[in-house]
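Read from first to last, the chains carry the letters A, B and C; within each, the first residue is number 1.
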């Protein structure tokens, strides 16, 4: 059983928003109401006089900061707006007061004067020759959080321009029998984690301590060290339970702002955003994707080109990596002899784009899998057969120089088809496949400490965000130490006690941290054996693990006995430690990706022809995960991801009108509900034990989000005769398409 | 000029009497005054159900209820479903079926399901959907939540 | 979010409550379920220095039949109404509607009176109640009057209720025929609502999100002529003509032409459920 679940169902789990620190004050952020403007004046005098107000942080407080701007690819984002704002929702002040209510009330008294500037409301406007520039200069930083450097273009709004090329597309198109080109759009999407962003910061003699609902605590630590001119050793980040993230709490978000407020206040400050504010903090990058495929006379694919333009919002954040991955994820599990995919990400005056479950994946797969069905329809071929003719096999290259494919796409496709065949007409099913290369850095460390009473503590930076990582780590350590599950305790991630880890995201924790704790537990075992060997004067070959202690020769000793014999008192511990690096396990982790995260999805839908309301009737999702380390948790990851896919397929849309967010509010932003979920739902996990992780596991948790939208669109096209190319597929859009078809037919 | 309101309420079976400012929201009263941190603040506009508590066995959004409104009533949070250290069958079913991921929506879901089972001990899937459709979970995809409630009802 | 501080009044009688609001003026509001009012106050969209709680006044939650009327206390919650055997027996369309409003928590806390007085143009109950020819009783310290629901709703968030008047009961005439209501809902609010009642003639009303419920006279007349057996095409045409001059909202939730279409669909579906109701003979 997962150790977190008992605490969660009984109300005992302490989430970041539940944490309280002695003497803390509360901060409320004042946000820009303008999409692009100069700040020409700010009056905080009324707010300062309000009851219980401690201080007000503004852009004038740059003396508190060693570095005023931060970022992951570019140092493009001010800790707090100084003279200019670039999106509606950008922090311009933080009102700190003794109570949350006091901070909220006083925050409404801050008056800001803006002088509006011309805006880039859309990527098209941002790309136009005469568009206003959001950032005057680019200050790229390399290998900071992701490997590599963003390829932005100075003097434009383009902050990433990536090209993936293979073979000779021009010649292929020249010799083609037919060429198909379609264009698809994908909206900005809110993460909508149930717990909004929250952080607490405290400066004291030891330095800076931050409690945060962060997925990447070490990135937060690194950025805070730079912003405040502190050694990394003096910045401590602690992460309790986090109420959902999905990438929206990855890299760094509100922590520099909260820490700046705490520095000014001279006491700890907690900032808990509202759900609405979280929607103004980050979002998935929207995209416009044009895709073109050339086929020969037999309908075999000769080449594919893709042009991806992503709406990156006001600050780059991890957008350059999102764009790069979208290019990779547009390829699909198909033989494409010639390939040219360009992915650009541009600044616009909207909420900053950021990582979101399978970065760039849903956008790319939406386009490429809709396009595959459109080609099959044009060729008069069954989409399963058309895909089958082009499917890659295990061991094939998806992208040159990356690890060969480690799954069998045909097996996955067949499983999805099979699960949705019962009682349904084959012709009505919508199908989608996907392959993605998770951006996992094989860098992690862990400590496993065995105490005299037999309890075991595990220290790692992997964040329990709902995926069940604590249960997985607990199981691996318990099995490696041959101890019962309940003696293994997973501590809250704390940079002061756990080794460096890249972060919780990209489907990596069970696999990479799983390997790290396994190695650390093995290290603890060898230290225990060495100690027993020394104390009891035995060969280590005569020693084995037993619940609560060791078997030595023909007798058992408890850990307490061991330490008693070793130390003279019955106290002590053994600390196992391990690091995973690209050179671990003879370098077998060095090649990217560590595994291919793949997906097959199939569904049937029904449509109310009078209203365009679509209902998902049947859904099957297939994932090849190597080994399920916790089956309900693994299934739950798949199902939850697919339902997030249902959200952007049918409902969700962060709309900006001239930079003003129109739906960034829970009342106006429709996420999937229980009544949207069909009873006929199948989750297939393929387990061949062929992953590089513990017990043959691969990473997982992202694949399920990929196939839903194109599978629904393909089912709509096949069963109802309408092809939707813009998400979300709202009833109005479907009704409009159905009406156009009726008009066309008559 | 604000006023305080005297309220007497039974919280998880324990009588509580307090004087609170009239504008005090039930969620703040439960979390801040009484330390019942299982009551979660999420959407803050009555649509997500994370702040659900039972008032006289019926679910309400504590984010948009005054503490004064529960004067004379019995309020239940998930802490109150545990009797003599034993979990309620619904709590156990949520664990057994993996109906919990991040856990932030979980107390609200369990209470909404509890209210359903109190008035309808063997609901159909459709009745469960209707009763829980107003609670949002962003992690699980809901399937395992339905399984858990069906199982708890049949146990 | 939190409401600004206010003074909380707990009168024990209608006269006391009404006098309090009359005395306190604009800064005072009657307080019932709070599902709308508290939310607005939290969002700083409404500011009241005084809330006058009506929940401690006896008798405002009662539901029952009095003479030839189903009388519903204004402080009955949507949940109370949905589970009331009297409502189920005499007005099943209202039972069903109240069992589907918003979510269970809002149904448990929100009152029918609060819903009507708020006059949210996207709300469904007003549409059904005008079609049912309900009367709304308004009581102040000095007077009591009953006005037809059709005269109560004046515009978005605007009613005929005077500031010191308290809506106390909703009175639905019995034995006057069958009624049905259908709504087209995709997000949190209805895009179109239609209600039809039929005694000696078809009363056809719609809600469209832009103003008070609107009666479709031409459509009603057509249904009367055809004895309710109008073809879809003719019905759609009649509805389209009835709403041709109506200003229909067009926003991010839905465009105007789709909304116009949904109004016709709602009317058609209300007619279908009216026929089903008549066929089963259950009012």
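Methods note: a contact is a pair of C-beta atoms (placed from the backbone, for glycine too) under 8 Å apart; a residue touches a chain by one contact, two chains touch by 3 or more.
On a predicted model such as this, the values are computed, not experimentally measured, just so you know.
Steps from chain B to chain C, minimised over paths through touching chains, total 1. The chain with its CA mean position farthest from that of chain C is A.
Averaging C-alpha coordinates per chain places the centre of chain A 29 Å away from that of chain B. Averaged Cα coordinates give chain A a centre that lies 44 Å from the centre of chain C. Multi-chain contact residues of chain C, defined as those touching 2 or more other chains: 1-2, 4, 188. Chain A has residues 274, 667 in contact with two or more other chains. Touching two or more other chains at once are residues 44-45, 47, 133-135 of chain B. Interface residues of chain C, counted against chain B in their complex, comprise 1-8, 34-35, 38-39, 42-43, 49, 51, 53, 55, 79, 102-106, 108-109, 188. Interface residues of chain A facing chain B in the complex, by the touch rule stated above, are 1-2, 4-15, 17-18, 192-196, 241-244, 246, 272, 274-275, 465-468, 632-633, 635-637, 639-644, 665-667, 671-675, 677, 679, 681.
The touching residues of chain C, counted against chain A in their complex, run 1-2, 4, 44, 184, 186-188, 252, 254-255, 258, 261-262, 265. Contacts from chain B toward chain A in the complex involve residues 36-38, 40-45, 47-48, 50, 77-79, 82, 87, 91-92, 94-95, 97-98, 100-107, 110, 125, 128-130, 132-146.
By the touch criterion stated above, chain A contacts chain C in their complex at residues 100-101, 104-105, 108, 274, 610-611, 613, 655, 657, 662-663, 667-668, 670, 730-732, 735-736.
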